[in-house]
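Below is one structure, written out as C-alpha cells; the observations come after it.
Letters A, B and C mark the chains as written, and numbering starts fresh at 1 in each.
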Amino acid sequence: MNLPDKPEQVAKDKLREMQCKFNPLSRCDGSVMYCQGATVVISAVLGPIEVKTQNLSIDGSYLECNYRPKAGLPQVKERIREAAVRDVLELALLSEAYPRSKMSLQIQELEDRGSIDACALNSACLAMLIGGLPLKCSFAAVHCIINEQGEYILDPDQRETEHERASFTFAFDSLEGNLLLVQTKGSFKIAEFNDVESLCRSASAEILQFYRTSISNYHCRRSDTKTSEEQMET
Amino acid sequence: MFMNTGFFEPGKTKTERKFIQQAVKQSQRLDGRKSGESRDVQLTFGGEYGSVVVSLGDTKVMAQVTCDMGTPTTSRPNEGKLQLYVTLAGVSYLDSVQKTHDKRSLTLNSLLERTFRTSRCVDLESLCVASELHVWCIRVDVNVLNHDGNLYDASTVAVLAALMHFRRPDVTFTDGELRTYTEKERDMIPLLFLHYPVSVTYCIYTSNFQPFVDPTLLEENTADSTIILSFNSYQELCTLNAGGTVPTDVRTIMQCARSAANRCKAMVTFVRKALDQDEQQCLEGTKKNTGMLGLMENSSQKLSFKTLMKGDQKQQQYKTEDMDLEVEAKPNPKLEADEGENADNVENVESDQPAQEEELPMDDSGWLPQEPEPTIDPTKQSPGKPKRKRNKGNKKKQ
Amino acid sequence: MDSSNAIVMPGERITIIEEVAKEKRVILGPGLRRLDDTVVASKAGPLRHKEPGTYWIDNYQRRYVPARGDLVLGIIKGKAGDQYRVDIGSADIASISYLAFEAATKKNRPDLNPGDIIYARVLNASADIEPELVCVNSNGKRGKLGLLADGFFFKCTLNLGRLLLRENCPALAALTRELPYEIAIGVNGRIWVKANSLRETMALSNAILTMEQAGYTEIDKICDSLGDVLQA
C-alpha cells in the first residue's frame, strides 16, 4: 500500500483527529469534506428543491439519500449504509418545514480507512447544518470495536479492524443523547455492549463539540467583516 | 415539464451569452486568463494504488482503478480488458438535469473510451495471464465531484494519473492453478503503457475565431463550438472531437492542435513528476498527510502543475515560451483584468494579419503543420513559440 | 447584536427569547420555531437580534426560500397559458402573469422569451403554493422592475445579496466612487450589473465576487485595485 505503515498511534479510547472543510463544491447548497483519521468523505446537500410527483408528500419533504463508493456501483453494503444514513436523517430532519419539496443528500466516499459508517453519518449532519436545512437536532455517530483480546477500540483504523471480534456503530442525538442508530456485528456480552455504548456516548459529545467549533469558526471567519461593516454604518 | 429548478447553470441566459460573446470579441476572459492560458492542475493521490483526485480550478474529478481476474473475449483471447465508467451522479449533481447532461455524459464517455481504449494506450497483452483463460480486467471509475467547466481534461488527466499510479498484484499460472501473490510476497506490478494520452479542450465563439483553452462552465455553456483534442507524449493525435455550430476552419484546428500537442506533452511530464514525488515521499515517509487527506490542506502542499513545472522550464529550453503562460502565478482578479488588456492589445495587432492570408493552401503535410508562415496563426501568444514547436516537430518527423 | 462567537445548534432551546417573550411580542425569524411554550433553533449559526423583538439565526444558506415582498432576479423559462414561468432559485418555479407588467393589457403583452432576466417582486409566497411575481408596484408603474437587458449576470451567496441590499451599503457606495454603474441585486443571490463598458462591467463583477471571498473589510482595498484596473 501507498501509506506509511502506521500513521500515528491514537490511543484506543480516543477518536482519531477530525477535520472538515465547508463548501468545497460549488454546485450544491451545502457541502462538506469531512475526515476522521485517514477516512475521507464528501457530503453534499441540496434543498428544498422540486420533487417528482410520485415522491411528493403534502405534509413533509421527501428525503433522498445516496451513497457512492469509490469504485464500482453501489452494492448491498453501500445500500445498507445509505439506508442507515437515511433512517437517522429522517429522525433528525424537520421535514414539515418545507412540504412538497425534496431534500437531497449525496455522500461520496473518497478514502475508507475504517469507521466509514460513522464518518458518513457525521458528514451528512455537517452538510445539513452548513446547507441550512432545518433539523430537529444534530447527531453524532461513533464506531467502536472489540478486538480479539477483548479490548475496546474507539474509532478504529482499518488495520485495527482486521482483528475485531465485534463492531458497533452508535448514533446519538444532540438533545438528550437518545440513541438514533445501533448497528452491531459479531458476538459480545450485554455488559460489553453497555460498556461500549457509554464509551461511544462520551465520544459523541466530542464530535458534537467539533461541529460547534467548526461552524462557529466558519461563521467568524466571515462575519468579523460584517461587524466591522456595522461599525462603518454607525 | 419545468423540472430541475433546483440547479443553477451559468451561461443559460441571453445576458450572459451576449456578454461572453462581446468579451470574447475583445479576447477577454472573466477570470483574467489569456485565451491560451489554462487553470492550474493539482493532483492528490489516495492511499490505495490507482486512486487520484484532479482539481482543475474548481472542477474536481476522482478516478479509481481496480483490477480483477476475468476471462478474455473470444475475439481477443490474449488481451486483458480495460473498462471505463463515468459517473456524473453523486455530489456533483449533474445527473438530474436530463437533457444537457445526458449529452455531457455521452461526450465524456466516448472521449475517454477513444482516448484510452481505442488508442490502445495500455499494453493489454501484458495483462494476459493464460491465453483464453485468465486475463486482468482493469476497471477505471471516474467520479465527478464538482463541475466548473472542462470536465474532459480533468477526467483524462485523472484517468491517466490513476492508471500510472496503479499497481496490480503479481500472478502465476502453473499446472492449471492460478496463484495471486500478496504485496508482502511479491512487489506489485505497474501497468505497461504504449503511450500516454491526455486531452486539451478549446471553446470557439462566433464573434472571434480564436480558440479559448480550458473553458470554465460559463464559457463552456456559452460557447458555440467545443473542440477536444487528445495527444500523447509523442505528440500523436489520439482523439479529435469537434462539435457545435461554428464552421471551424482548418487553420483554427491546426492552431489548436499545435498548442494542444505541447500542452499534452507538458501535462504528461507533470503527471510523471507528481508520481515520482508522491512515491518518493512515501518511501521516505515524509508525506505529511496520508491519502486523500491531502485535499484538506492548503494548496501549497499539493502537487500542482505550476509549482512542479517551474523547474522544467530551465531544463527544456524549447518550451520556455510555452511555459511562461503556465507558470504565472494566479494573479488576483484586479490585476488580471489589467493583463487581459495587454493581451488584448497584442491580439488585436495580430488578428489583423490573417486577413491578407486568406487563400493559404490547405496544409496536408500531417497533423503538425510544417509551413513556415507564422502569420497564419492569428492568436498565438508569442511570435517565437510556434517556430520552436515546429522545429521540435521536424525533429520528431525525421 | 449578540457576540458572533456564540452559535446555537439545531434543537437547542433558546431561553433568552422565552424570557423576552413574557414581556413583549417577539418575532421569530428563519431558523427559529416555536414548540409549545419553548423556542427552539432549527439551524446552526449565531443568534441575531434586532430591536424591538426580532430574532433570527444567521446562516450561510445558499438555497432561496421565497418570502413576500422580496426583490428577486428571475430567469424566464417558458410560457404557460397566460403566465411566464420564472426560475428564481427556489424549490418551485415561480410564475408571473402577462398582466403583471407596466401598461400590459390582454392585447398588449410583454415580449419576453426564455433566457431573459427580469427583476421582480415576490407577490405571494407560501410553503404550499408556487411563488408568484409581479413587475409593477401598487400604482401599476414599473419603477425599477422589469426586463434587464445587456450587462452581466452572475450568482452569489444569499448573504452577499442581502448585505448589498442593506440601506447605505458601504460596499456599493465605495464602488460608486470608482465608476458609474447600474446594479440589480436579488435576495435570491443573483446579481446583475451593467457599467459603461465591457471592461468596467467585468471588473465590477469580479470586484463583487472577490468581496464575497475576501470579506467585506477589504472593500477599500478592492475598490482601490478596481480603480487601478480601470485607469490602466
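FYI, a residue touches a chain if its C-beta (ideal position, glycine included) is under 8 Å from a C-beta of that chain, and two chains touch if they have at least 3 such contacts.
Please read all numbers here as calculations on a predicted model, not as lab measurements.
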Farthest chain relative to subunit B (centres taken as mean CA coordinates): C
Pair sharing more residue contacts (C-beta pairs) when B-C is set against A-B: A-B
Separation of mean Cα positions, subunit B and subunit A [Å, integer]: 34
Cα-centroid distance, subunit B relative to subunit C, in whole angstrom: 38
Where subunit C touches two or more other chains, by residue: 91-93
Residue list for subunit A, restricted to those that touch at least two other chains: 28, 46-47, 49-50, 102
Multi-partner residues of subunit B (each touching 2 or more other chains): 5-6
Sites on subunit C touched by subunit B in the complex: 75, 77-78, 80, 85, 87, 89-93, 113, 115-117, 148-155, 192, 198-199, 201-203, 205-207, 209-210, 222, 225-226, 228-229, 232
Touching residues on subunit B, where the partner in the complex is subunit A: 3-7, 45-49, 51, 53, 58, 60, 62, 64-66, 87, 89-94, 139, 141, 143, 145-148, 183, 278, 282, 285, 287, 290-293, 295-296
Complex contact set, residues of subunit B against subunit C: 2, 5-6, 8, 10, 12-19, 22-23, 26, 28, 30, 32, 332-338, 341
Residues on subunit A engaged by subunit B in the complex (per definition of touch): 1-4, 7, 19, 21, 24-28, 31, 33, 35, 38, 40, 42-44, 46-47, 49-50, 52, 66, 68, 70-72, 102, 104, 106-108, 110-111, 113
Of subunit C, residues touching subunit A in the complex: 1, 4-7, 9-11, 31, 33, 42-46, 58-63, 65, 91-93, 127-128, 159, 163, 168, 170-171, 215-218
